[in-house]
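So, here's a batch of structures to check.
Next come two complexes built around chain A: one with chain B, the other with chain C.
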Partner chain A sequence: MALAPETIAEIERIRAALPEARSALLPSLKAAQGERGWLPQETIKEVAEMLGLDPNPAYMLATFYTMLHTEPVGHYVLEVCRSLPCYLRGSDGVTEALRAELQPDEHGNSADGLFSLKIGECLGDCPHAPMMRVNDDFVGPLDAATIPETLAILRRRAEGGRVRGLMADPAAGPAPNEGPLTFSNAIQSLPLTRVRD
Partner chain B sequence: MSGAITFEQLMPAGPNLTEHRHVPNMVDLEVARSRGAYEGLAKALAEYTPEQVTGVVMDATVLGRGGAGFPAGRKWSFIPKGPGQKYLTVNADESEPGTFSNRELMETTPHLLIEGIALCCYAVGASRAFIYIRGEYIHAANQLNRAIDAARAANLLGDKILGSDFNLEVFVFQGAGAYICGEETALLESIEGNRPMPRSRPPFPAVAGLYGKPTVINNVETIANIPAIIRNGADWYKAFGTPTSPGTKVYSLSGHVRRPGNYELNLGISLRDLIYEYGQGVPGDRAVKVVLPSGAAAPWIPADALDTPMDYDNPRKLGTILGSASVIVMDETVSIPHATLRLIEFFNHESCGKCTPCREGTLWLVKALQRICAGEGVPEDLQLLLNVCDSIAGKVLCALGDFAVSPVQSSLKYFRHEYEAMIPGYPTAAPALATD
Partner chain C sequence: MVQEATKPAAPPNTVTLTIDEREITVPKGTLLVEAAKSAGIDIPVFCYEPRLAPVGACRMCLVEIEKMPRLQTACTTPVADGMIVRTNAEKSRAAQSDVLGMLLANHPLDCPVCDKGGECPLQDTTFNYGPGISKFIEPKRTFPKPIPLSPLIALDRERCIMCYRCVRFQREIPGDEALTVIDRGSHSEIAVTEGRDFDSPFSGNTIELCPVGALTSIPFRFRARPWDLTKVPSVCDKCSVGCNLNVEYRNNAVLRLTAHPNPPVDDGWLCDHGRFTYDYVNDKNRIDRPLIRRNGQLVPATWDEALDLAAQRFRDTADRAGNDAVGGVISARATNEELYLFGKLFRGALGSQAVDHYPRTGSAIGPFGVDALHGSIEALERMGTIVLLGVDPLKEQPVLNLRLRKAAKNGARLVVVSPEANDLDPVAAHALRVPHAALPTLAATWANLIVTEGLHDAEFIGGRTAGLDRARATLVDFTVERAASVIGLSAELIAAVGRALAAQGPSALLFRRELSGTIDHAQWFAALNDLSLLIGATKEDGVFGGLVTQNNSQGAIDLGIAPEGDASPFGGKAPSALYLLGVDPLGDGRAEALDGVDFLVVQELFLTDTARRADVVFPAVSWAEKEGTYTNLERRVQRIRPAVRPPGEARPDWRVIRDLGKRLAPNGFAFTSPTAVWQELAAAVPAYGQLSYGALGRGGQQWALPHIGDGNGGGRFTFRSGDLEGGAGR
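Showing the complex of A and B:
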């Protein structure tokens, strides 16, 4: 399936802003992924050919970076940090609670197709440890006990709106912008304990 | 909004880099200019030649804040003079565990970085700059793009900046999740559309960097220091910090402290003051067990050396470095072998795979540590760990491999007894470990 006209325009804008076409490859792959949540092989080929580049090295790029997905992912990609600052604050318990709640398959996807669970390394928000990335947003500090409530908030946000990824209907077009998910507006009901002890 | 006090609002403002961290909407050009943004650029373009800008920065002795501590002015002076394309790439990949100061700086005061970029590019004669920002920092990248658009509209970027002959375009290049991109030559490979794997040096980027052209690569905080230095002079800057480590540093404090966060303080503050005065101590008033001074990467500092001044010189006496000053505190409840395993898992995950010693060695370290932590270790494992470290360090193209061995070596140096206690049948009178 060909890329949407808006995505093609975005790739052309990126190409024009950069001195060489090869530099546009990574940002263009990200733009293409933004449209449907992940990068099928034919999409990678389409992006590379738009830029006049060989598709094979483009595929090598897509498989290197953790934020580029060469397999379908859910509407929400949850990347839970496991690095030392989050580990010291109990990230393993949070990960276990997410696993128990989502029952992900071997690809990390929940059965309803709404969530993909990824275990990530330090995301640079250690004062809010333990934390995770939910698509574009950082959420934390998390608590294993409130993970079911956190996921319920995310499910409610997706209700009624079009979603992308595994659940998406390609004919429906890109998912609407839900607006930023920030700690304070997403999880108001959770304890806002920012100063510890 | 709930009206709750956000975490960042509790952090004190510093004298330079974080002076305006609490000012709302500093991404707005008018707000930023009301706080002095771009005064340094206007002064430099009106009063200084490019060489004079480099001279002021060299006189101020701005040591590179990314970790290596190389003087920024000297780095700039390596760029060939005369015509020909040159580049600045700002390293905003900030992926070291426990490091989060660049993100806050870019999110709250993006114009500070952009003014610093313009000053650096004017000094070295670069007409194009890239900010290489890690892919996860989406809001920071959005803030930078908003600020760049506003600056270009006000002729602070673009062609003939403020009526001078100086032209500059800045592009925010977003990564996609890879620690290795913080390594400067891997960063260049990433911008060039290749798999981000480090290059062998020489040639160094100042000679052949981005697209084979002379390239300056500086950390966000290094560049953000420049505007105030140009505005106020080198002597103003050198009044902060110590004679050999001038200026302030944004210390990222995390782990077992009551108030983790970014603290802009004079270089040379002791870990004790950082942890107890600013971080307000350890939860439950437990004892500090050990401190990691620079994320996962640098050798550790034991609890009996908390009075070490955290500048560029004193940590060396303990065999470690200031690095990125991302201080992770571990209290007495931490199992050192488990924490070490978690650190080595990070390096194994992030090894790019180019050099065999790092790719394979970090995996073998993980396997040996997993075995020990599962209570299935054998007495020979401790020597095995050190032998694998010796097979990695100094035998790879970039610093990732050298970083990866520090947690193993430090933990065995200070906490060998914890490993021994986890190994069934560890001999009570074990032979000393050979460390080289």
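Showing the complex of A and C:
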């Protein structure tokens, strides 16, 4: 289960751009997750070894951040924010609705393998409360009543492409995030890109 | 105000505060929890551990501080002048009870089947500060348990209270990542990566640090309740550090070893090798009676038969082939008392010089004329510079390695010079890969560089040393360029590190005594001698010495249990009658040691390959069964105490040597106890004579080096490379 050559190249690029191997760990794990959507322990170890680090802290990091998955996940990972602002705007109802629709198993995965339901803490998108993260996109405000519809859109888009236009009531809030705030984008906007030039 | 003025002024750099209505003065920067402890006030803690950096993770230590709106954690709050603290008023008591309630919400309370029960801080703290009744009725969280983290340690996640002591210990003390935390918040768990063991050589310390039964010893699990064990304070015999430990036994079986903190030696830590190596004591296969060879077979015999036979044959051999034809080799792990008696048996009773210890420590006489470490283990913490030449303490003196890491943390610049990767490389200011063969050259080169550039302390060298000019003349050839070509490192690097060594501040030089390959050790020691003077390692505040490896190598050196010159029963001509105590040359691949031996006496715990060849076998006793003293690598003499009875008819080793002595000499072997042997030994060895026997059992005592002992910091040191024909390290 060796890393793909593209992943290796990407990790090397990340490593070269950062002064400390430890700093490269998080973006490298994210890059490695790109291969299959989650990080088997084998992969975590490989990434750590590539960077000359102990696998234990890599494992720690991979389990600490909710954007990294150490168990298989579906095509869409839905992370519903449960922190106070989202809660006050009804996140528990949203979660209930998602549960009812997806019937997730104990790992949070739906039977069709399309969805994984996770509960997370504030993602900094409180103006769109209640919100959830769908893979690398933020989606909100959500409405428990329109969750079936939202999921239907996602199912239709399962072929790929970005998720957009999922608002419960477009008139009720600002437009959904345009350019998706993705982790990998955030990394590329760091000094990393300069190294490429 | 007037009253205030009459109070004696607090000494500078101290802070005066009030805790529970009591006024306390402590040094600035003291943590509240420590200030309270110094006044005998107990603040309950879980995550706080004085040897680790405070984190404030468990909230157990909440106290009320006047003028502060919320309760504060006493383990992270430093004292301030005029602070008024209450640890036992209603608010703090309520918080303590609430925190315990939360910690217990998911705690299984399986104390009756928990190894920690009876010595568990969670039990004790709950009893003292906790709620009598839980507020929770929800089901508790469960996990599969126990999870073996390694062959030595099992993890019970249900019991863990996430104080992080274990993970913090690994990160801060041995400096590894052998244990980690996964997930976050209330889901956090202690873990290791799948397929990997909790593989630190110091892992056992986490068992004792864990304030609950979450980390337990697999070899000890369910073997006994703590209150059923008897604890005997003793000293580890597995290496030259001499960490203090408790031998804990029940029904005459050693069941576990735990730390018995002696901070100047061990800081309260043990390595896993020391902590977990005790099964052999309880082994049913130990030799439990004397054996003698009859018709080619080793068969049981009485003590008298075996002792008579051995004594008779030793005497016959000496009469027939000369006294030196009877030789003896004793383990460097024997006690001082055994070493002394062994020496007396050969030199006194038999008149033989063929007596040695094994493994033999090559002599490394320091500039002060004594073969022992100058300074102390504890002094390493205060060094500005520490140079390690060819030593890797993690492998040979594990707990010393922790002290060196601590020194680095305190700001010491470590210069690590070794042939292979060294555990201390990551904390070193300079880590150089240099083969053994090039170490003498490197030491001489640095000495030359320092003296040429005038980087040494001229006052010390001028006032306290002699022979620099002659040494200079010899050292002058050792240019940085030459060293660079010999060693294969750049001249700039060699020079830069050499200059760094000369930086002022207390400095330490620790070196390997025996280098592999064809090395002229006289030249090696001459170069070390001179370098140590030039960097100030022999000053009162410095540390200098060749690290010994066995728990009593230093004792064997001090008592002179080695033949004159280099002759050795293992090196030169083998004696024809040989007595081996705790030495197994066949097992160590030194079969040639037995060539020409026609009468062999072996004293051993087990029937080793060598014992199988013997004519007489005496059962030996383990360190957990005997009394005596060991001298550690810093000249500290410490007492060991017997915990369990040896198997069968086995007798303490000192008695066996004594009984041979009684048969071979008309008098001089009437000792009735190891203490009696100590008294004679102390009279014979002046440095030991100055020690107080009582102190040896309470943390031990370092015997005094002559140059330190003269009161005014006085002896003179001599440069040595000038004395060598052809110069040092050439």
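Things worth noting here:
Throughout what follows, the second predicted complex is superposed on the first by the 158 of 197 C-alpha atoms of A that agree within 3 Å, B and C clash if a C-alpha of one lies under 4 Å from a C-alpha of the other, contacts with A are read in each partner's own complex, and residues count from 1 in each chain.
The working rule: a contact is a pair of C-beta atoms (placed from the backbone, for glycine too) under 8 Å apart; a residue touches a chain by one contact, two chains touch by 3 or more.
Every value quoted in this text rests on a predicted model; they were computed, and no experiment measured them.
After superposition onto chain A, partners chain B and chain C are found to clash with each other. In the superposition on chain A, contact is made by A:P19 with chain B only, not with chain C. Applying the stated contact rule after C-alpha superposition, one finds that A:L68 touches chain B and leaves chain C untouched. Legend: residue contacts after superposition of the two complexes on their common chain; A:M60 is shown touching both chain B and chain C. With both structures placed on the common chain, the touch criterion links A:K30 to chain B but leaves chain C unconnected. Look at A:P85: by the touch rule set out above, it reaches chain B but stays clear of chain C.
In the superposition on chain A, A:Q41 makes contact with chain C only, while chain B stays out of contact range.
Once the two complexes are laid over each other on the shared chain, residue contacts for A:P127 go to chain B alone; chain C is not touched.
One of chain B and chain C touches more residues of chain A, and that partner is B.
When the two structures are aligned on the shared chain, A:D136 is found in touch with chain B, with no touch to chain C.
Of the two partner chains, neither chain B nor chain C is touched by A:A145. Steric collision with chain B, judged by C-alpha atoms after aligning on chain A, is confined to one stretch of chain C among 3-11, 21-29, 57-65 or 471-479, namely 57-65.
Looking at chain A, you'll find residues 57, 60, 64, 121 touch chain B in one structure and chain C in the other. Contact residues on chain C toward chain A in their complex (touch as defined above): 176-185, 191-196.
Contacts from chain A toward chain C in the complex involve residues 41, 44-45, 54-60, 63-64, 121. Put simply, chain A touches chain B in their complex at residues 17-20, 22-27, 29-30, 53, 57, 60-61, 64-68, 79, 82-85, 87-89, 120-129, 133, 136-137, 180, 184-185, 188, 192, 194-197. Interface residues of chain B facing chain A in the complex, by the touch rule stated above, are 1-2, 4-7, 10, 94-100, 102-103, 128, 134-139, 169, 171, 173-179, 190-196, 211, 252, 254-262, 283-284, 292, 295-296, 328, 330, 334, 339, 342-343, 345-346, 349-350.
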